[in-house]
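One structure, as structure tokens, below. Some questions next.
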Amino acid sequence: MERLTPLLEVRDLVLRFGGVTALDGVSFDVGAGELYAIIGPNGAGKTSIFNCLNGVYKPQQGTITLDGTALTGRSPAAIASLGVARTFQNLGLFEHLSLIDNLMLGRHHLMRTGMVSGMLWWGRAKREELAHREAVESIIELLELESYRRMPAGLLPYGVAKRAELGRALAMEPTLLLLDEPVAGMNLEETEDMARYLTEVRRQLPLTMILVEHDMRLVMDLATQVLALDFGVVIASGTPAQVQDDPQVIEAYLGGAA
Amino acid sequence: MTAFLQNCFAGLALGSTYALVALGFVVIFKSTGVINFAQGGLLALGAYLGYTFSNNLVLAFGIAILLACLAAALVGAGFERIVLRRMVGQPPFAVIMITIGLLFILEPVITAIWGFDNLQVRNPWNINTVEVGGLVFGVKDLWTIGLTAAVVVGFFLFFKFSPLGLAMRVTAFDPEAALAQGISAKKVYAVSWAIAAALAALAGIAMAAGPGGLSPSIGFIALAAFPAMIVGGMDSPAGAVLGGLVIGLAEALTRGYQDQLFSWAGDNVSIIVPYLLMIVILLIRPYGLLGTKDVRRV
Amino acid sequence: MAKPHRNLVRDYRQDLRLFGSPMARTGLAAMLVGLVLLPMVVQDDFWLSVLIYVGITAVGAIGLNLLTGYCGQISLGHAFFIGAGAYVTGWAGSELPLFLWLPVAALAGGLLGAVIGPFALRLRGHYLAIVTLGLVFVGEHLWRNWRSLTGGNSGTSINSQVSLGPIDFNRVELAGEVYSRNQGYFWLVWVLVAIIALLVKNLVRTRPGRALQAVRDRDQAAEVIGVQAGRYKIGAFVISSAIASVAGALFGSYQQFVSPDEWNLLMSIQYIAIVIVGGLGTVFGSILGAIFVGALPALIDRFGDAIPGVQTSVGGEGFISVFALNQAIFGVLIVLFLVLEPRGLAGIWLRIKAYFKSWPFSY
Amino acid sequence: MLSVSNLEVVYDDVVLVLRGLSLEVPAGSIVAVLGANGAGKTTLLRAVTGLLVPHRGKITKGTVRLDGDDITGADPAKIVRKGIAQVLEGRRVFAEITVDENLRAGAYTRRSRAEVKESYARVLDLFPVLANRRKSIAGYLSGGEQQMLAIGRALMASPRLLLLDEPSLGLAPRLVEQVRDIIVQINQQGTSVLLIEQNAVMALAIANSGYVLESGKVVKDGPAADLLADEDIREFYLGSGERRSFADIKSYRRRKRWSA
Amino acid sequence: GGAGDQGSGGSGGTGGAPPSTTGFDGTTIKLGVLSPLSGPVAVIGLPLTAGNKIWFDALNQRGGVAGKYKVELVQEDTQYRPDVTVQQYNKVKGNVVAFTQILGTAPTLAVLPQLKTDKMLAAPASLDALWVREPNLLPVGGPYQIQVINAIDYYMTEGGGTKDSKICNMIQDDVYGEAGLQGLQYAAGKYGFTIANTQRYKTGTENFTGQIQALAGAGCQMVFLTATPSDAGKIWGTAAQARFMPRWYAQSPAYAAALSKSPITPYLQQTTIIVAEGTEWGDDKVTGMKDLVARTTQFGPSQQPDYYLAFGYNQARAMTAVLEKAVELGNLSRDGIMNAMNQLGKVSFDGLTDDYQYGAAETRNPPRSSTLFSVDPTKPFGLKTVKYNISSEAARTYEFKKTS
């Protein structure tokens, strides 16, 4: 796939926790429409990159620019409204809310109803609920979540919960979607399903995705570009094939099996 | 200067009592993750048991204290056994409410047994005093401070070094994972309730041995100990002690200088000083002086 | 994206209706009719006054549930806001008509909540609970010393106008019949319960309410999807305090006299009890909880005398007086109840509901 | 050493999750359990270690025996003392305390200080990463680090039978290999292992025998080699044979289930 | 003998037996009691109610009100909470003729509006000056203010005080404390001294060192204490430990018998005077006391000597006087009772407290006398009379105003 103009530019990111340096001068570009994968051993700093991207962590150094807008220094909520969505490594669903409500929350930043108009219901609140509910239903349909609509997210089977997280992120209508290990803990069949959803989403929506995943087959099959990290440092980047053959990556990450 | 020192001493004595009560809160919080609102009731119960052992059974005061602590511990463990054990894994809110329910039960039971009248506990401390360099120390206050110190050292060692101490901590964090380590949650809960009740009893008797005597409202002190627990950090025994002393001193000193320094703030400011101090400290340190921060990662 | 089928859209509309099923609608109608008729049937002043206080606490409890049940912030400071509402009524109630002093009380409570709410941003869980507990004590100090407003220790009488157009709730005239103050207040209070329940119910099922619950469940994840957690936490505080103030205003208006001793920790605890016993995060549960906690002592009081071996009056025979026993029974019932159903009355309610009807989208 | 027969487990008095499940873990062996999400694998482990209680689950039928002793529904503490340790699904490290304290908590049931010290050394030896972060707060470790800590903590009890619930979840490929090797190593040191895995390749590579669960029942079992050779298993769990690229899976979905 | 003590053969009304009405079925008169019978304030509510009951039990034995109508008490627990009091009031108001006890200032004020609309008479159980001018209330005893004024008078005339003495006070931070403060402020005006220092405290305070230091620091020679027993015990204990030896004058509720058998007894004997009414417990030279002791022995053998007991007893007696007046006027309805209340003259309490001039609210005149006691462990209640029934000029001229 040809490279497009970079949508996301990350420059010299440095993130420290006390004595631990989680990210140590990480730079990379992600072009619009790419499916960009980040791999690396456990603790390499992959999730930390995501956390910096959406403002949960404040990096000590470096800049992040999305489509010309600086993300660094903004609050997570502000970054979300700029169109950055993500899924979480250890499930970030609101467990007492139903699946529908979780997805509707994805549309939070697209809605306007405030406390007062919400209380009054008739008028804006009702209109918005109906309109956005429609959008949510189409995601439910896309991800085949119909039968779980009313179930509290906390009771969803693991595989479904992962899918629901994807759904919530999609509901945000993001330009940049961050996926943190979407198929961890899934068997082959479920992994295939997830791959299918991801492909389908990419086909239907003008999305750029960054994928963190340990399932190498998924990464190799889907990614357009791969970045490999170790100890917070970029050790390789390029096409999947290039990275897969990089001796440093094999040594630090893939081991003998790959 | 004498007045200042005298007020400081009063603050220490008061702070020790707070510290004992706050320690009881901390123990239960540490192992079960709930605030025990019944602590005041246990304190009153312990004090009345002490009265019975000392006055009715005419036992030596030291023995009476020991027996009262023991009996209170049994009651505490009994609560756990009969009621709270059934609540393992249930939402903490429900458990907190149950401790409130227990308080509602304890109060009338105590008054049904001992009545409402003011009782004088037979004790060797009375209002005796020791005078050192122009300062007058109440014997009872000295004992309270001493007993608190001893208990605190014991606690520190227990939590830091004994496996049961560690077990109590991890059970609070994740009861199921603790169970999987072979830690008997039942034992942990029962032990912490017993310890908390014994501490409450000790504090109760120390208070009741004063000239004010013993009346059912003695348990109210538990409310005043909340700020102590919070200032120190809810899950830190050392914090409870530190918090107790800080709050005790602050209260006593504001009281002592009410007329000179605080008359603008209305009468009796010292009552709310613990709460104000608590609010200020928490704004600076949201987990108290020594409390553990919540660990949250996404 | 594929357009959902038309039929489905009609379904959402129905889906969004609060009382969608015929079952629910019949229930609602029955409740409303009951509300109107009850004071005509039960004319006993005792039960009316009990139910008026229950209604007032239900209002406050709905507010607390919004904060604690929906937004996950425990507050032991509710009594403070209730007191504030009562004093505002004492100050404005005789000058302004009902439809003004009630909103003024709400506004005052909301403002206080806005001042205190930011604390909630820094504090979590139990820490917040105890800090708000401090509020009760600081508030008590304030009430004792702000004599011009509160009458200091001696308390203050509250004289409030309670008429709405032609209806004077002190003496309701309806179709030629005249109804007493207690009957009038019953209607006033319970209509307000219904209105506030409806408002809060609407709030929690729309965007802001969902955001509150998201913050409760996982505040970091909520931020990441664009919910400004801080704003919603403060918002919950403001609305909850405003509602508490309304409850306080009604309390003062009905009782006609209040003193600083009333806004104490016990009152806050009682509200927490209602919310927990009723069920966290349910509006209807708060009302049930208020009935349980408010009316149960009255019931025990009625029937406590029937228990043998109990001293039924001061100076009578027996081991434990009926009065002490009432307190103990109340405690025992709360404990027993929560051991059996930790999700509270709402849990039982849900079970009954699930038994009678299965949701259209069940699997 | 562990034998489960005819086990039925019900959650909340209504949800029947295990429906007459039987399974054997011979002493000294590694037994793998495969199955889709929600098949009841975790429930099986809970039933063995007595952890159903906090989940409002109950064994309604069947028995669990350890070396012939009936331990059905026994107290978890007692089961740990009898030599079964479990690595919980989702790691469940004690987030607020240090790595070191987590490990010590794992040794709660052991009395001899010397032995605990020895286990401690062994765990740090197996997981050098943990040795470096002994004083760190466990909650801030990365996912993989936490998984290692969870396994290490279970080993601190010096179990005769180790139950692992999806230990490879979220681990980097090289670490999956490491964990695999560690499991083998632990097994060679005399601990029997019951291994629950989604990563069937890894599990069957080291297991002696395996079980496939579906809806709370065993639908297939046998020596690992046989399972590896099984057509269905190859297709559904291993994906070997002529492997399709994930990118090519467009709009069809496997619907086949074992007829049970 | 005072009101109601005629027992049998009462005068009855000229109009024959009063018709039955709410709370009166022609033979039995029901009276309400709203009192904290559980919870922390039950320590006051219980003896008060027992006092009510002992009087009425004795009265019933003699035949009842006007010799004919037995009295029955309907007791309800208020937990000292205004809202519960309102509910309980509503519960019993349809069953009773009047309330012979409502305990607590706030609870009383909370039901006062309803008392007015219901034309109900109630006897509040506290010595507040607030009650004197309220038509629907039937107070007994000399208000707290009177106690303070008389105590100061004694201190000035016989206790060694001058207007230059450092006179201080220590009060509980509530209405009761305010009453004590009011009395002292009035006395300060009358006797020309300034209050050198006022310390407030909240009930249940654990450590009083600060207050005692402050009082000692201000050089107080006399401290007037408005407190309740457990706090008073701690206050005196702290003072004793600090070797602070002013003259203490304390309001009657500050004292409980237990204090005369406690470690601080010697200190109290040296320093303290209790201001109350009537006479020593068990003083059989005073008719009222003789009767009270005898009746307590008969009808409440387990009751300990207590001010509150005597207070409840007096309340019941005042209520009896009203009822007898109403019977005499032939009307036990609420209007009848209010009417009787307005026409009631002076009621004697046989020396337990001084005579009370009832009647229309504006014309009422409460007792202006107090008795001073010192602590003496050999006495049954631990108190020995120092000065019996004094009523100072200042107390006699104290004016009671209607509440706002």
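Going by the order they are written in, the chains are A, B, C, D and E; count residues from 1 in each one.
We adopt the following convention: a contact is a pair of C-beta atoms (placed from the backbone, for glycine too) under 8 Å apart; a residue touches a chain by one contact, two chains touch by 3 or more.
By chain, with names taken from UniProt: A, D = ABC transporter ATP-binding protein; B, C = Branched-chain amino acid ABC transporter permease.
Because the structure is predicted, anything quoted here is derived from the model rather than measured.
S.K.: Please state, in steps, how far subunit D lies from subunit B along the shortest route of touching chains.
M.R.: Shortest path length, in steps: 1.
S.K.: Determine, using the mean of C-alpha atoms as each chain's centre, which chain is farthest from subunit B.
M.R.: Most remote chain from subunit B, centroid-wise, comes out as A.
S.K.: If every chain is reduced to the average of its C-alpha atoms, which one ends up farthest from subunit C?
M.R.: It is D.
S.K.: Using Cα averages as centroids, what's the distance between subunit B and subunit E in whole Å?
M.R.: Subunit B and subunit E have C-alpha centres separated by 37 Å.
S.K.: Need the CA-centroid distance for the pair subunit D / subunit E, whole Å please.
M.R.: Spacing between the chain centres: roughly 75 Å.
S.K.: With centres defined as the mean C-alpha position, give me the subunit C-subunit D separation in Å.
M.R.: The separation of the two C-alpha centroids amounts to 48 Å.
S.K.: Scan subunit A for residues touching two or more other chains and write them down.
M.R.: Residues 47, 56, 88-90, 92 of subunit A each touch two or more of the other chains.
S.K.: Where does subunit B touch two or more other chains at once, residue-wise?
M.R.: 107-108, 111, 267-268, 271, 294, 296-298
S.K.: Multi-chain contacts only, two chains or more: what residues does subunit E have there?
M.R.: 38-39, 42, 46, 173
S.K.: Along subunit B, where are the residues that touch subunit E in the complex?
M.R.: 3, 6-7, 9-11, 13-14, 17, 107-108, 111, 116-120, 126-127, 129, 136, 138, 207, 210-213, 215-217, 220-221, 224, 248, 251-256, 258-259, 267-268, 270-271
S.K.: Which residues, counting only subunit E, touch subunit C once they are in their complex?
M.R.: Within the complex, subunit E touches subunit C at residues 35, 37-39, 42, 45-46, 49-50, 53-54, 57, 73, 75-77, 81-83, 86-88, 90-94, 105-106, 109-110, 112-113, 117, 130, 173-175, 177-178, 299-300, 303, 404.
S.K.: Using the touch definition from the top, list the residues of subunit B that touch subunit D in their complex.
M.R.: Touch residues, subunit B against subunit D: 88-89, 163, 166-167, 169-170, 173-184, 187, 292-297.
S.K.: Across the complex, what residues on subunit A touch subunit D?
M.R.: Answer in residue numbers: 17, 20, 39-44, 47, 89-90, 157-160, 181, 184-193, 195-196, 199-200, 214, 216-218, 221-222, 252-258.
S.K.: Report the residues of subunit A in contact with subunit C in the complex, numbered from low to high.
M.R.: Going through subunit A, the ones touching subunit C are 54-56, 75-77, 80-81, 85-86, 88, 92-97, 101, 104-106, 108-109, 111-115, 118-121, 125-126, 128-130, 133-134, 137-138, 141-142, 147-150, 168-169, 172, 204.
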